[in-house]
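Okay, so chain A shows up in both of these, paired with chain B first and chain C after.
== the complex of A and B ==
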């Protein structure tokens, strides 16, 4: 890829972030504020003695332990953010190739020297690589504020808080797990990504109804006509979050190079190619 | 080849149909080769085999039970 093509692609990614900053930045920021307010409310109601004991307990647990080994614990507070990422990703993918056709801006974008393949690929890269960066950044700010807050509280109660530094390092290490989980998820669910983009490029209105309706219809017809359930079984075999969540760094290569992952990428690519050809019809 | 391409890319519905056909073909072939079995909507249960004949047997059994109850009952009560 030459520098012009690279700059074009980076510009496409920048466009996606600008047009969807509510989904990629606003939504996790609001979630972080809500969680922070809820936590502050809980802490304000707890007795001081119990708070001091809890802070000391946290400090002792993490003190001296390897942050990488303890990182998986911090996947638990990241779950609401991961769920928010999936929800916002669903909305984003359904509107990705539909919204610009709806507001006619597609004519402007198609007048640019950018191919349909690059446009569709930029959507996939945005949801797989770019969007998780913002979620991870907001999680980092949340962890930083939480640790500073706990440290100040610990000082005010006269508790040893040296272990909170290790806890913060473990939380930072967990951000890599969160990012890797988001990336692996986008590859694992590439058939779903392709399906949503295909119907986002196809539907003249309500792409979500087309995407869900055609899926249900095909599953029903397969069962009714052929008596088989390959489609339903395919979806069922790939819908367990444990298949794409990364809890340890050593899991990454096993997940990325597994047969199911590679076959899913193949099937997702078929749907993405369909979405690229579908992008020709913008009437 | 060109005719086939023109046919597939004629309109949005032909593209959708072609894409979904290839998608399903790949899924079905892979499912058949790897031997994936349907598990989601499988209502078969060895402990509960529901057939219409069972309903008929059940009805016959109920009638027989009722007849035996009435035959053994005290005629004064009836």
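== the complex of A and C ==
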């Protein structure tokens, strides 16, 4: 990639972040604040004895575990953030090639020497690699505060929860798992990413109705004509929420190199080519 | 020299509606062309086709490229301003400049900033907080700083007050046009651009109804304020348009020698606005 192509691509990613800062930064920041307020409220309400028991219980759980082992436990508070990332990702993809057509700014974007392929690819990279960075960054602050607070609380009850350094390393390891989960999930769901971008580029209004409606229609036609439900079953086989989280580093390679993953990437790539084609003209 | 725009038999259908119906265009480099037509005539469709935003049938070459296949390559040579609403409202002025600097190899940031320093646009304000006039100035600052062969303007001053409109065209002529670059302007406000144009194109119902150099108009078209005693003779020469003017009749003729018309009354070249009305109502008399 020459320097112009690289600069163009970085500028496209910068554009996505600026345009969607509410989804990528605002939403997880608000969730973090709510999480702290909720935790502080629970702690303030809990009887002191129960709090001491909970701290001691935590120290027992963490006892003897390495930071990498602790990471999967540390991922639990990240689950609402990841669910929010996936939900915001859905909203983002539906609007990604629709919003600028709606507000007519597409005429400006298309007046620049940037190819449609690069534009569509920037949306995929944004959801798979860029957006998770902001969620992980906000989670890092959440974990830092939580680790310090747990350590201080432990001291106040005369209990060492797991050691500040160990807990910090566990937090970093769990954030790496969060990031990998988001990346692997974006590839696992590439057919959905492609489908949403296709209808985001196609729909004159309400892309969500088009995306859902056409999918239901195809499923219905398959059932009606062939009496089979391959499409519905295939989608269902990729919809188990456990598939969207990675708890062990060793799982990453297996997930990335599976036949199911590669087939999904192929289907997603074809749909993305369709989205690029749809983006060509504004009629 | 090769024309910068060469179009043959362009057609565009929206269902049964023919937006473009066999449009031919030849625009030479260095010209300032006005594309003028009523609402729904096909102006915007034509301009969108020129920059590859609209799929049309027919042969089309702009700056040596087919816009349908190579829009992003073409946009290194061509700039486009539609009406004032198209800059992304959530961006700040300085972010817009950052973006264009990163994606456009022919953008000169210093030139854009110099232009902006002559305006009252606060660079850190979001575009949605700027007035329509400021948004146009900002867009113009970007375009002025890009070294392109062709500038396509689609109703660029729509909704602006007269001060901004005048400044827009002054800047265009003084800071952008250098005699080599080509400008195509589509507008309703014919009177404002009349003096800028070197080339005039009228479009109506998807067809080009006039395509001439401004210098040719004087020999091609004559308007005569016909004295009452010559009305019958004037009618016999098949005027393309007749209108009432201060109790008299003004006849517009196409391709009739002026010397032949002089005996009927006061002759002159019709203004672009009058010619536009004449061509749109050709064959109909007020």
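What we mean here is this: the second predicted complex is superposed on the first by the 261 of 283 C-alpha atoms of A that agree within 3 Å, B and C clash if a C-alpha of one lies under 4 Å from a C-alpha of the other, contacts with A are read in each partner's own complex, and residues count from 1 in each chain.
One rule holds for everything that comes next: a contact is a pair of C-beta atoms (placed from the backbone, for glycine too) under 8 Å apart; a residue touches a chain by one contact, two chains touch by 3 or more.
This structure is a prediction, so every number in the text was calculated from the model and none was measured.
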Aligned on chain A, chain B and chain C: do they clash or fit? fit
With both complexes superposed on chain A, which partner does A:206 reach: first (chain B), second (chain C), both or neither? neither
Is A:258 in contact with chain B, with chain C, with both, or with neither (first, second, both, neither)? neither
Tell me the contact category for A:229 with respect to chain B and chain C: first, second, both or neither. first
For A:113, select first, second, both or neither according to whether it touches chain B, chain C, the two together, or no partner. second
With the two complexes superposed on chain A, say which partner A:104 touches: chain B (first), chain C (second), both, or neither. second
May I ask you to decide whether A:271 touches chain B, chain C, both, or neither, giving the answer as first, second, both or neither? first
Per the contact definition in the header, classify A:280: touching chain B only (first), chain C only (second), both, or neither. both
To the nearest 10 degrees, what angle do the lines from the C-alpha centre of chain A to those of chain B and chain C enclose? 90
First (chain B), second (chain C), both or neither touched by A:237: first
State whether A:11 touches chain B only (first), chain C only (second), both chains, or neither. second
In the overlay, chain B and chain C get no closer at Cα level (Å) than 7
Dual-contact residues of chain A, meaning touching chain B and chain C, are 280-281
Residue positions on chain B within touch of chain A in the complex are 9, 11-12, 15-16, 18-20, 22-24, 26-28, 30-32, 36-41
The chain C residues in contact with chain A across the complex are 14, 48, 51-55, 71-76, 79-82, 85-91, 95, 98-100, 102-105, 139
Which positions of chain A touch chain B when the two form their complex? 198, 202, 214, 218, 222-223, 228-234, 236-237, 263, 266-267, 270-271, 273-274, 277-278, 280-281
For the chain A and chain C complex, residues of the former touching the latter: 4, 7-8, 10-12, 14-15, 18-19, 100, 103-116, 118, 280-283
